[in-house]
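Note that chain A is present in both complexes that follow, paired respectively with chain B and with chain C.
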Partner chain A sequence: MALGKEQMKLLYRNLVRADHFDKMMMNRIMQGKLIGFYHPGDGAMAAGVGASTFLGDDDILNPHHRAHGLGYAAGRGVDIGRYLAEHTGKVDGCCGGRSSFHWSFPEKKMYGASGFIGWHFCPVVGWGWASKRKGNQMVLMASGDGSYGQGGAHEAMLFAMNWKLPIVFFCENNGMAIHSTISDMHPMPDISSLAQGYGMPAVVIDGQDVFAVAETVMAARKHALAGKGPTFVEAKTLRLREHDVGTPDLARAEPREAAYLEELKKRDPVVLATSRVLAEKVLTQKQIDKIYKDAKAEVEQVEKFADDSPVAQPSIEELLAGVYVA
Partner chain B sequence: MSEVRELPLVEAIKEAYRQEMERDESVFMVGQDIAGGIFPHTKGLVEQFGTDRIVDTPLAELGMYGTAFGAAMEGFRPIVDFMFAGFFLNAASPILAQTAQFRFIHGSQMSLPMVITGACGAGMRLGNEHAMLVHNMIAQVPGIKVCMPSTPYDAKGMMIAAIRDDNPVAFIWHLGTMMDRGPVPEEPYVVPLGVADVKREGSDVTLVANGFQYKNAGIVADRLAGEISVEIIDPRSFSPLDIDTILKSLEKTGRLVVVDESWESRSTASEIAAQVVDRGFDLLDAPIRRVTIPNMPLPGGHMEPYVAPNPDAIEAAVRDVCR
Partner chain C sequence: MKSVGIIVNPAAGKDLRRLVAFGSTATHSEKINAVVRILRALAALGVSRVRIAPDPTNLGQRAIEASGEGLESMDAACLELPWLLGSRSDTERAAALMCEQDFGCILVLGGDGTSRAVASHCGDVPLIPISTGTNNAFPRMLEGTLAGMAAACVVRALAGEEALQRAPMLRLLADGEEVSHALVDIAVIDTLDSGALAVWEGHSIRELFLAQARPDSIGLSAIGGCLTPLEPGCGEGLHLQLGEVDDPGCTHVTAPMAPGLVVRVAVCECLRFTRRAAVCAREGVFAFDGEREMAIDNKRRWEVAYDPMGPRVVNVEQALALGIERGLFRDEILPRAQQQP
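Here is the complex of A and B:
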């Protein structure tokens, strides 16, 4: 499914935005201007952008936890101001400042993050089931290579294949889960090999190539909407930095090698995308400069919005009123 | 007399692991990323004990717990580290439905010696899933012991007791106490499970608190010094619960405030209140006050400090029972 020029422009723009948002979060956590953790997505923002930019409005989107889903949020058109306000515990946060980094935008059919890695393997069955009943919608469920250690992954794949549910299992394989490497955790290098046991179509793609990701996901989406069932899309990506800001960057108990990390930097998805849009004359350097300028302005605007919003400190009574539906 | 060395609480826990693993070949640890270490309590152990005894697993709590569960039946003494204690819920069915109840149901023939551990607690503003204390969920089930240390001394002694105990023991520790320093003897020693500790003597009110809340209780006792004399009791174990020490204190004070970093209903605070009313009704000069998390999921963000028990809330409760 070849991409048109306008589609490529949009992907490129979203990638640059997502990259700026990730850097904004990095800066803020280091300045103490963010609540909780930040798990940087540096060098790995293409997969989320590619997977989410062309979904339908009715599709359900579960973001990966890395970069706290920013690639997916950028692709989906989420209000990043309200996203950041949530991460800073502000009144205008998308969950009223309660969720810390477990944000959600139900109106965008992004039903929310959990601190339990792999939690989504449970509701994804119902997301798929409901989507099939309703028709004309599907599920993009993203998560990491590590999450496929959870037994629930198998239940989800079993149900999805048995019932031909319209789900894309989108795996961002960065070869790491905290200090564990992929070979510590999985007997096979490709996570998508798990899907084969269920007879699920599976593809391995370059997760650094935002265009390839988008093309593959659009094809898998079409497959799902045609009633043909789930697809497993494995996007090979990388982790440039430590698992979360402040944690040592180890592989098992040893520091990851600087030379290896330098090698990874050569696969920067923004650099790759830039050379392609220039080579294919999709964008001029001048247009690219403008995209950067706009992204920078958006970051400033987003930060101002979040910083200006008052701290959310409702009374216990107000909070108790939110536990049950009245 | 030479001064006793001071250690942070996490280092005290690590020393317990190290000494028990040196003493007993059957002790091993299983968890995620424990070789590299998420919290400092496992850092450096793999160098000494190797990967046969510091066992990293895939990101799979069921399989991880299964390693401990099955190995315990085969004579090993596993320590299974859930990283954040709340993640135990991913293995809740084998822990609560089987492990705890297995021995009894199968004629009290087998023992399942193991330690289930993890960090938890409010303070990092991470929200319910990372912060939640799981002691009450586990302590509801007979057949498994549950405890949490408040000081480095207790942390080492209780961890050694937990490892040597022939029952499954859930030993949780509060992130807000992780770097607290205190005296820790170098030689191995045991702090018995199921025994509370009078950590500070007083005569007007009995204040029960542990983990991070023990520190908050101390803050309140300091604030009230000269005005209200506060006796602080650290229950140390939630199950079995040492109610006698609390009753004994009430003979003196007649007033009880229980702090429990957990939901108000069906908590250790509720359990203590019920047992005190049962066995010590005549000792009470005032209603019992519980300082807990109101019955709502613990929010993250800026709400955590006032929704979770805190010095102001504890002080208000103490003043209330001393009116």
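Here is the complex of A and C:
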């Protein structure tokens, strides 16, 4: 179960890429080059990368909304050019430039997001049921601590456990829900304690450690594929910036202290992973420099692709064709 | 009277071994309850000042608030630390501060890893390690009330040196200089990364150095405990080299590596040592008290030193016995008054 050298290299590369993409999105929204808004993932990209990099091709992945799922997209092998084109309203976007934040990428079994946090819990039960019937497939359901205040979360855990569905409930707990702190929102700081109430195996891990996240999710996936039912993985992470660009960074009604945020940067997952791969001789500094250079080049390529793509101007017929009516 | 410190690791007892083994989960509410029981025992026995290490989940403050009536005579609060990072450094900084302020006793709630973090920064402050972790060779399963009563005996000077004992420990040396240490075991794991830290696969262990090996412990030290236990206070460590499980030249040992995970491992060589033992492996990762942490640099000369003068630990049974003997729990007036018709 322990990670091999090549797996560690891949995780590190994906983490650096995801971090570069997040910074790209930040730069672009500040320059007015994104439609919609952006929820920065600065300092919190390890959880998504670690959770998604070693999923199977058939596994269904519901990404967390932080950084608009960029960590998960990078780990999953999503075409980031099409992701950015989507966020810029271009025809080459993964949903034809119509969705921005609420993108989906069905080719990678990522079926969309919604502005309503916690919407996904009940569809996940359906995906879990389908995966169980199909076999050799599972669902990774990522969300934040705030979403576990939704009733649907509890219904989903109840059904998943009763039906022993192959679902990994993956919670990125950064202790903040917009301006609310976790102590305002939950009686217990570990969201995993909710899962224990349903008899679901639950673990708490360091969400800043991309290797620990990957190893844990691999174990949880194995558990799911063995027919043992759902598990709950709580990755403790942090939020270095405001909830979304344009909203003040408050905890309750008070601005978060700059000195405290500066201290938190010591827990930046890229910093931690870099020191690990060097200490454990997985990568040399020269190889790390190359990974950074490649990531920078990929960002330039992605931006060029999105910028060159024409602005989407769908006709009424095309728009209606995208509307599902039951 | 010296102060009592309480350090609780909010993350202990929640790691990957809930998935790959059958570890129970030490929930936050159970940890809070344990601290409440400690606080109530300390207050009942006249301890004047208690400080709880703060943590990002505010566990200490929750315990104080949940303690109800009876704490009025005791100054109970959370220690003040400038920043909390939700990592081991929070524990280490709290232990260092308690040492600096000359606390009389520290109760540590966590597993072997938590005790290790505290022991490396608490100096000579006596510890009462209470198990809320997964593999518990160093801390013991102790009821919070009794642990609190024992701590009261220590800080009220009713149980002194006679209730304290030095635990042995292991020091990892690179080219003769200490780089890390462990309270129970140092292992060489045949892997490249420290990943989710925990060690649970018997076949991945290449080498094992033990400061203690008890038949009633669980974790890596249980391999030594099930093969050739070390008597407490024997002044010796154990060095095991492990091989492939199908090697007929090895001694096969069945031992509890993790809760519900009894595995068979092959021991090629088993030696007791009193001072230093050389690390034979040239690659892999060192695990300290069951947590993978540091890769081997094959350019350096690695040794493990056995140190019989590790942290001071309270013998809870002995401390309580001394407290009873010296009258801490006895009220001479009340029983006589009750005897009157």
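Everything below uses one rule, namely that the second predicted complex is superposed on the first by the 321 of 326 C-alpha atoms of A that agree within 3 Å, B and C clash if a C-alpha of one lies under 4 Å from a C-alpha of the other, contacts with A are read in each partner's own complex, and residues count from 1 in each chain.
FYI, a contact is a pair of C-beta atoms (placed from the backbone, for glycine too) under 8 Å apart; a residue touches a chain by one contact, two chains touch by 3 or more.
Owing to the predicted nature of the structure, the values given are computational and were not obtained by experimental measurement.
Novice: Overlay done on chain A, so just call it for chain B and chain C: clash or fit.
Specialist: With chain A aligned, chain B clears chain C, so fit.
Novice: In the overlaid three-chain picture, which partner chain does A:L319 touch, first (chain B) or second (chain C), both, or neither?
Specialist: In the superposition, A:L319 contacts chain B only.
Novice: Mind working out whether A:E303 is in touch with chain B, chain C, both or neither, as first, second, both or neither?
Specialist: Touch status of A:E303: no partner.
Novice: After superposing on chain A, what angle in degrees do the C-alpha centres of chain B and chain C form at the C-alpha centre of chain A, to the nearest 10?
Specialist: 120
Novice: With both complexes overlaid on chain A, does A:D184 touch chain B (first), chain C (second), both or neither?
Specialist: So A:D184 only meets chain B here.
Novice: Looking at the overlay, what does A:K236 touch: chain B (first), chain C (second), both, or neither?
Specialist: second
Novice: Go through the superposed model and pick first if A:S193 touches only chain B, second if only chain C, both, or neither.
Specialist: second
Novice: Looking at A:D59 after the superposition, I want to know if it touches chain B, chain C, both of them or none. Which is it: first, second, both, neither?
Specialist: In the superposition, A:D59 contacts neither chain B nor chain C.
Novice: Just to be sure I read the superposition right, which of the two partners does A:E215 touch: chain B = first, chain C = second, or both, or neither?
Specialist: second
Novice: Have a look at where A:F37 lands relative to chain B and chain C in the superposition and call it first, second, both or neither.
Specialist: first
Novice: Applying the document's definition of touch, where does A:K266 land relative to chain B and chain C: first, second, both, or neither?
Specialist: second
Novice: Could you grab the smallest C-alpha gap between chain B and chain C in the overlay, to the nearest Å?
Specialist: Distance of closest C-alpha approach: 17 Å.
Novice: Could you please specify the touching residues of chain A with respect to chain C in the complex?
Specialist: Per the touch definition, chain A meets chain C at residues 1-5, 8, 175, 183, 188-190, 192-193, 196, 201-206, 209, 211-212, 214-216, 219-220, 223, 231, 236, 238, 260, 263-264, 266-267, 276, 279-282.
Novice: What does chain C use to touch chain A in their complex?
Specialist: 10-11, 14-16, 18-20, 25, 27-29, 56-59, 83, 85-87, 189, 191-197, 201, 204, 285, 294-295, 297
Novice: Sort out for me which residues of chain B touch chain A in the complex.
Specialist: 32-33, 35-38, 46-47, 56-63, 84, 86-87, 89-90, 124-127, 129-130, 294-297, 299-303, 306-307
Novice: What residues on chain A touch chain B, complex-wise?
Specialist: Within the complex, chain A touches chain B at residues 35-37, 86, 89, 93, 97-102, 114-118, 146-147, 149-151, 177-180, 184-186, 247-248, 250-253, 311-314, 316, 319-320, 322-323.
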